[in-house]
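Letters are used for the chains, namely A, B and C, taken in the order the chains are written, and counting of residues starts over at 1 for each.
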Amino acid sequence: MNMTALLEVTVGGVAVGCVYSLLALGYSMIIRASGIIHFAQGEVMMLGSMCGLSALWVAPSLHPALVLLVGMLAGGALAGAMELLVYRTLRRRGVPLVSIITATVGFSIFLMNAARLGWGSEPLRYPDMFRGAVEVSGIRISPQLLWVAASGFVIMVALQIFLSKTRPGLAMQAVAQDPDAAQLMGVNLSRSMAATFAVAGAMAGAAGVMLGSLFFSFFEMGFITGLKAFVAATLGGLGSIGGAMLGGILFGLIETFGAVFISSAYKDAIGMMLLIAILLVLPQGLAGLWRRLR
Amino acid sequence: MTPLLEVQAVTRRFGGLVALEAVHMQVASGTVHGLIGPNGAGKTTFLNVIAGAFPPSGGRLLLEGRDITSLAGAERARLGIRRTFQNLKLFAEMTALENAAIGLHTDSRAGVLAALFRPPGQRREERAIMARAAEALEFVGLAAHAQHVAGTLAYGHRRLLEIARAIAPRPKLLLLDEPAAGLNPTEAASLTGLIARIRDAGTTVILVEHHMDVVMRVCDRITVLNHGRHLATGTPAEIQADASVVEAYLGQDALAEALAC
Amino acid sequence: MIRVAPALAFLALALLPFVLPDPFLLHLMTSVAIAAILALGLQFLLGISGQLSLGQAAFYGVGAYGSALMTGAGVPFLVAVPLAAMAAGASSLILIPVTRLRGPYLAVATLGFSIAAYLVIKNEEWLTGGSLGLMGISRPTLFGLRLRDPAHVYWLCAGLAALVWLGLCRLADSRFGRAAHAIRQDEDAARASGLRVTLIKTQCFVVSAVISGLAGALFAHHIRYLGPADFSFWKSVEVLIMVVIGGVGSAAGAVLGAAVVVLLPEWLRLIGDYRLLVFGATVVVLMLFGSGGLAGLWGAIRRPRGAAP
């Protein structure tokens, strides 16, 4: 394999990894704040993708950043609404966690079939938002990949700033670490929880637009992608923000390289086996390793 | 005579913190051995090391002369070391009787196939477990609560149920981690009597306790820890007269007063 | 431990083929019985030992393909089915190291196992027929007698489901079940009582896998065609839905949950494309009933001893 192909695979892996990272961030934020494995996260992504695509149908010359914004708004509104309408009620009734997690699976089925009714059951191609190719020292790279990787990084940096510098972001962090103390400090718990879901949904919506623009939008696209992103979040260490970002990109690279060098039929299995191995050696994921090294 | 439990130079570190440093202790069979010390002296850590909740960083533990340092908690429990927990760890959804029956798990054998096919041996064993579990409840005075779900019992009763679960198999060594915490004076007094009866029934007891009147009344010997080190060992009278012990407790006025009485 | 209400329900179900001799209904009810066995397997694991597995589809697949391949090679049905169930149990031993994990970590590790098993089924064409699957699997055959009548197949599967139920109630109400239940509530206290936690958790996994394998084997001979789609991760999720909407910790709940998950989409066929939409919404709404699930509503049916309150 020559350098060109290697670079292409790497950029492809990072781009897909950014999608996983954004989704994994959502899983991590939600699990940290509420303990819920949000299985519908993949469907939130899928609907973000569909909404971005519809925006492009309505306004074909829409700037990619705005398409991304549409996806984020759709995802954020959807996940926030799920929390406000259902999960909050379930928590207030003291329903056990496994029931709430099953409800997220129910949502997943519901949203998937809602999308099938709305957008049909055929894969839908995103119109090319970019033409031509970018050349880096003689190697041509698809602008689509670069766009995905770049917007992924920008969104993640923005999230980091939001969480560490702004009041609502800090409140979310505080709730995740110690709900009782946060409440004593005057943080509105249920508002902060809704914000957590909304931000996680926005991340998923962005991931949906990015993934859709790389491949296509499809009512079933969310489930397996969501699972892989959950694996990435576990790889990074569930509940760790930095871990989720790193875990996603690493998972994207491992999967892409595994498909090229080992077996494309077992592409999904490579990631899963790796996951089991990592869980056994590092039960706290990469974040745990980091803490131990320090 | 070999002591029942011999602790040789046990050290335990957590990261950079030294919780126990080269602690020695000998516990004679058939005694109640108190373990006291100011807050943060390392008493609970010490108890956890003896129970096998985590391994020591250095040193050895001998049970009747046999080295048990490398054995996990469950294996030590099988050899006859049972414990209670400071912050109560009951099986909250099970009845008091079932909780006590779990204590007898190691004394019985029936497995998956026996449970499915219920041969006569399994039924006999099950009856024997329940009879002995009921005995243990009777011993601590919970016979009337046998069919109550553990999570619904009053606090004092839950403390007693933990003791019943631990003594049901008639262990060699019972580790009690602050059994009087949260009990009213009447309950604490009857606990003192219970600990003495446990000893008289043949179980050696190591007692970590803050209630000094309980400790002084029931212990045959006492070991004092301070900052993770061994400070003194002796009879209750010797400990009360020990200047270094009193000094260690200075600044903890309430406890110093308790010690003086 | 048989109580009056389940016994009456069982009697009614046993007489079903006489009352409603409709082949399609019997076919569906056989599917319910098989799903019930599968759900009981997870109920034992989750309800008694508290381990959340999202890998049940893998054991189900091992049982199904195992029995189909063995009968295809001439092994009699009565030998192949138990052997396939045991093979599923043996395959769960791969997961021994995983039993150390808890909660979401255990769920995701078993999920990984399930996805890997699915890919093996899909890709190893020489063994499983790949995406085309296995066709022409023999009908259940008892002592040389081929069960052609849907009623007979129904009785076989429903009878086995009843046996599994009885077996699990016995397991729950035994020294072994008590220990598993204790571990679910407090592992530290269980260790301090001398329980070998990993061993007991592993035994629960094996029992659950054997039951799932049995369900898979019956499925193979009931549908008589196997393709990878039936063993995807969705199957594992479906089993979890059955157990949770039925009520975690309740054997009756697992059976009711299985009936709902199998029958509801069938009844909803009337509304065509909306059926899975409604199914998903139903799952969400049912969760509002809380941990009791359907079994909690069905006051007449008591839980097995040792189950969650």
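The working rule: contacts are C-beta pairs under 8 Å (C-beta built on N, C-alpha and C of every residue); 3 or more make two chains touch, one makes a residue touch a chain.
It should be emphasised that the depicted structure is a prediction, and the values quoted were computed from it without experimental measurement.
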Most widely separated chain from chain B, with each centre as the mean of CA atoms: A
Chain nearest the overall Cα centroid: C
Centre-to-centre distance between chain C and chain A (centres being mean Cα positions), rounded to whole Å: 32
Chain centre separation (chain B, chain C; CA means) in Å: 43
Centroid distance [mean C-alpha coordinates] between chain B and chain A, Å: 49
Chain C residues within the chain A interface of the complex: 46, 52, 97-98, 100-101, 104-105, 107-109, 111-113, 115-116, 119-120, 122-123, 233, 237, 240-241, 244-245, 248, 273-274, 276-277, 279-284, 286-288, 290-291, 293
Touching residues on chain B, where the partner in the complex is chain C: 51, 53, 72-75, 77-78, 82-83, 85, 89-94, 98, 101-103, 105-106, 108, 110-112, 114-116, 118, 122, 125-126, 129, 149, 165-166, 169
Sites on chain A touched by chain C in the complex: 31, 37, 39, 86, 89-90, 93-96, 98-100, 102-103, 105-114, 116-117, 223-224, 227, 230-231, 234, 238, 265-266, 268-269, 271-273, 275-276, 279-280, 283
Complex interface listing, chain C residues touching chain B: 167, 170-171, 174-179, 181-182, 185-186, 188-197, 203, 207, 306, 308-309
